[in-house]
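In the two complexes that follow, chain A is the common piece, with chain B as its partner first and chain C second.
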Partner chain A sequence: MRLIQTALAGTLESSDAQVMVENAGTGIELSIESDVINQYGRQIRETVLETLARLGVENARVRVIDKGALDCTLRARVECAVFRACRIEKDFPWGGVIR
Partner chain B sequence: MKNAVNREIPDELLQNGRKPFMGSGYYEGTEYRKDAPSVRVREKSFETKLLPSIREAVQKCGVKDGMTVSFHHHFREGDYIINMVMKEIVALGIRDITIAASSVGAAHDPVAEYIEQGIVTGLQTSGIRGRIGEAVSHGKLKTPAVLRSHGGRVRAVERGEVHIDVAFIGAPTSDCYGNARGVGGKSDCGVLSYAMVDAKYADKVVVITDTLVDFPNFPPSIQAVDVDWVVVVDAIGDPKKIATKAARMSQDPRDLMMAEYCARVMAATPYFRDGFSFQTGVGGASLAANRFLESMLVEKNYKIKWIIGGITKPAVDLLNKGLVEMIVDAQDFDVDSVQSIRDNPRHYEISVSQYASPGNKGAFVNKLDFVILAALDVDPDFNVHGITGSDGVLRGAPGGHPDASAGAKCTIIVTPLVRGRMATICEHVVTVTTPGECVDVVVTDYGIAVNPKRQDLLASLREAGLPLKTIEELKDEAYHIAGVPDDLEFHERVVAIMEARDGTILDVVRQIKPMKL
Partner chain C sequence: MRRSMLFVSAQRPALLKDAYVYKPDSLLLDLEDAVAENQKDAARFSLYHALKTVDYRGVERVVRINGLDTPHWKEDIRVAVAGGADAVRISKCEKADDVRTVVRHIEQAEEEFGAEREQTLVMAALESPLGILNAYEICTACPERMIGVAIAGGDFRKSMQTRYYPGGLEMLGGRSNMLLAARAAGVQCFDTVFTNLDDMEGFRAEVEQNKQMGFDGKSLISPRQIAVVHEVFAPTQKEILEAEKIVRAWRENSALGIGVFTVDGKMIDIAFIPGAERVIMMAKASGLYRGDL
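After this line comes the complex of A and B, so read on.
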């Protein structure tokens, strides 16, 4: 998927994560801030990168501000931000790349 | 070597008679001679102990390099005393100071600076938060901080393991001879229980107040016979942060569910009978348990004989409704509890030695039936942790947790299974602050686990139809939801020693390694 605009999903509430994606350069440039980075930072990174790969996003700058979100929440926020950045607002591929 | 809770204690710490934790009750029946202060005699008639400034008090007390000064934390995050005193000590060029406080927090951030400058080189406390916690965790304090429970702190002073050179005791009211009270002033904190041992064992005692009252200020919490000097300042603290507004009863359905489980656990045990004794912590679910307890008391026509501990509005409400006979109070958290100790003759002030010391001839906690307390994490051996944040930085307080847990017949730990992705029931707790052998029941939102050494309680709770799980099942469930956490990374260097309440070493805290992803 090719990102067209900068987009945001999620909140800064406890147990949520805010994900910002923008079209940039080549490859994935990922920054993570998290309340639980020491114990779960590695898993947050893996989850975000896996989700981006599944969506076919190859070039993006991604910023995650995590407030202790579970993996399912992180995946949903990344998916939402990417679709917003691609200006896709309907006919989501439920059961396809969105799991 | 490994101690009785399986923690590795470095050999270099086990010198000069220091022992690793051997299990609770290790010193039962042993004898010792208490420490004693030196006394500067005032035999002749004189009018007043008032001095014009804190600086003069510091000088008159002969504070010098290498000394230990002490403080209490009844003013909590509203405290001005530590900063005012330390500023003068630093201004006088005195160095190598050890602070022995009953707790320190964000109100004392300036002290972190003194730690970094090498002026404050020792810290002994029962709670550590704010920038001081960060400074210690990053290895800035010259010697390892010593962390003790409230009862353990008193024991250490009574045994002379800590000898206080000068105690600076902030007091809401005092007369010119140093009879000091927790009520009657501009910034009432209710009781002065933490400071009582300091007044009895420090060589020099200074009372600092913002409300000077006529002699004699009676009945006193701190007695003039123990006080050298009195200083009057404009403000001892911020009254809004000293006695806060009562916490609203939690409406969080998860808290309420856990609170109800706690009350039902209590009701299922043989200790739930007319005249039992009770303590709760000040966490949301612990406090909410009072609400469920109330209807159970009314239904059975039972009364609680005494409530102890840090006191909050729910305990005061039970007292006013006649559902508890008396409150014995070592700390007040809100305006309601401060008013109650001032006005209600069935609400009594006690010293922290009476409350919780394992070094005297029998403290109140030894006769507790129930205590409900929170935890940051709990391991499969029921060891409880409550001192470092998820990043390994010191940011908590063992407080009275280890004391009440050791004493109570039924110790209930209440914690949500997952808190902001942190699995609270986990394989390894960061630091053991209360040994698992003192914990009987763990209540979570996903079920209740009973310590296998309490087969009697397990049978009672099963009969009552409570949702029982093993602690391993709870841990697996937590990891299933949150994922298995990576271990925190630490340097070798020990930055803090967590003492068991009897003075043996329960665990150590090491310097954190900055996280790199």
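After this line comes the complex of A and C, so read on.
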């Protein structure tokens, strides 16, 4: 998927995460802020990168502010931000690349 | 059994993952009023992953979709079916065709996502005088999927040009008509939310009235309200003992080919059995009966 615009999804509430994605030159540039970065930083990183790869996003600058989100919440926020950045608003591929 | 149906905003991940711990009979996972217009997409992503990931421990998962007058409801149905929700609640339902339209889209989604046919049930929220007047046609529009109907007090009161009054006289016509239609159609019937969380006495009084009128349960907005509903809807020990005697006597007598008999001096026939069995079921759900029936 090719990002057309900068997009944001999620909130800074507890158990949530805010994800911002924007188009970037080459590769994935990922930054993560989290109060639990020492315990879960690697897991958050893996979840975000796995989700981007599944969606076929190859070039993006991604910023995650984690507030203790579960993996499923993190995946939901990354997917939402990417689909918003691609300006896709209906006929989402539930069970396809969204899973 | 659906005594307590707790609304949870699909926009709030913390609620989506934890609400089942309060043990309502059903969760109403809300894509409609509790979700801001510009967050409908985000709520669907959260809902999908919650449905796929969270073990709700047997709590029924009903997705409230946006009204058929919005651009959102078709995608709401797709995500509900793809996620494996147990049922869809139709907002602002006014006629039988609304139910048929939603069911048609559910069927399409079940085919698209390889879900079992008739996996997803439906219920309808009646929020206007027209919805109430068409309640029986709505209740009977899709017998194989229809759970029941719920009245939505906020919009109904507004369209009747009234407001909330203690005692609920302003809702009497709507509630009564909907109950009659639901019972005639053989589906369940649920009362509206009680929004003043500081008035637990008023809430209990309304739940007691709901039980007296014959409702199956109530839509709720706070976990604090669940215990009151379960307590009020629980049968008394006297009712449980009487029901147990009736069911046992029915089994013994019907095995002997006897259709009419007496229990504690009262004449009993087959008409009493569904009610007695329902009392036993409610008693089991309330943890008040551990017998072998």
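Note that the second predicted complex is superposed on the first by the 99 of 99 C-alpha atoms of A that agree within 3 Å, B and C clash if a C-alpha of one lies under 4 Å from a C-alpha of the other, contacts with A are read in each partner's own complex, and residues count from 1 in each chain.
In this section, contacts are C-beta pairs under 8 Å (C-beta built on N, C-alpha and C of every residue); 3 or more make two chains touch, one makes a residue touch a chain.
Keep in mind the model is a prediction, meaning the values are calculated, not measured.
On the shared subunit chain A, the superposed partners chain B and chain C are arranged side by side without overlap.
In the superposed pair of complexes, A:Cys80 makes contact with chain C only, with no contact to chain B. Superposing both complexes on chain A places the Cα centres of chain B and chain C at an angle of 80° as seen from the Cα centre of chain A, in steps of 10.
In the superposition on chain A, A:Asn38 contacts chain B only, with no contact to chain C.
Of the two partner chains placed around the shared chain by superposition, chain B and chain C are both touched by A:Ala69.
After overlaying the two complexes on the shared chain, residue contacts for A:Glu89 are found with chain C alone; chain B is out of touch. Comparing chain B with chain C, more residues of chain A are touched by C.
Of the two partner chains, neither chain B nor chain C is touched by A:Ala53. Shared-chain residue A:Ile4: touches no atom of chain B or chain C. In the superposed model, A:Ser15 makes contact with both chain B and chain C.
Note on the superposed arrangement: chain B and chain C approach each other to a least C-alpha distance of 6 Å. Shared contact residues on chain A (touching chain B in one structure, chain C in the other): 14-15, 69-71.
For chain A in complex with chain C, the touching residues are 9-10, 13-16, 69-73, 75-77, 79-80, 83-84, 89-92, 94-95, 98-99. Listed in rising order, the residues of chain A touching chain B in the complex are 14-15, 32, 35-43, 45, 67-71. Chain B contributes residues 390-392, 419-422, 481-483, 485-489, 515, 517 to its touches with chain A in the complex. Residues of chain C that touch chain A in their complex: 12-14, 17, 41-42, 44-46, 48-50, 52-54, 74-75, 78-79, 82-83, 113.
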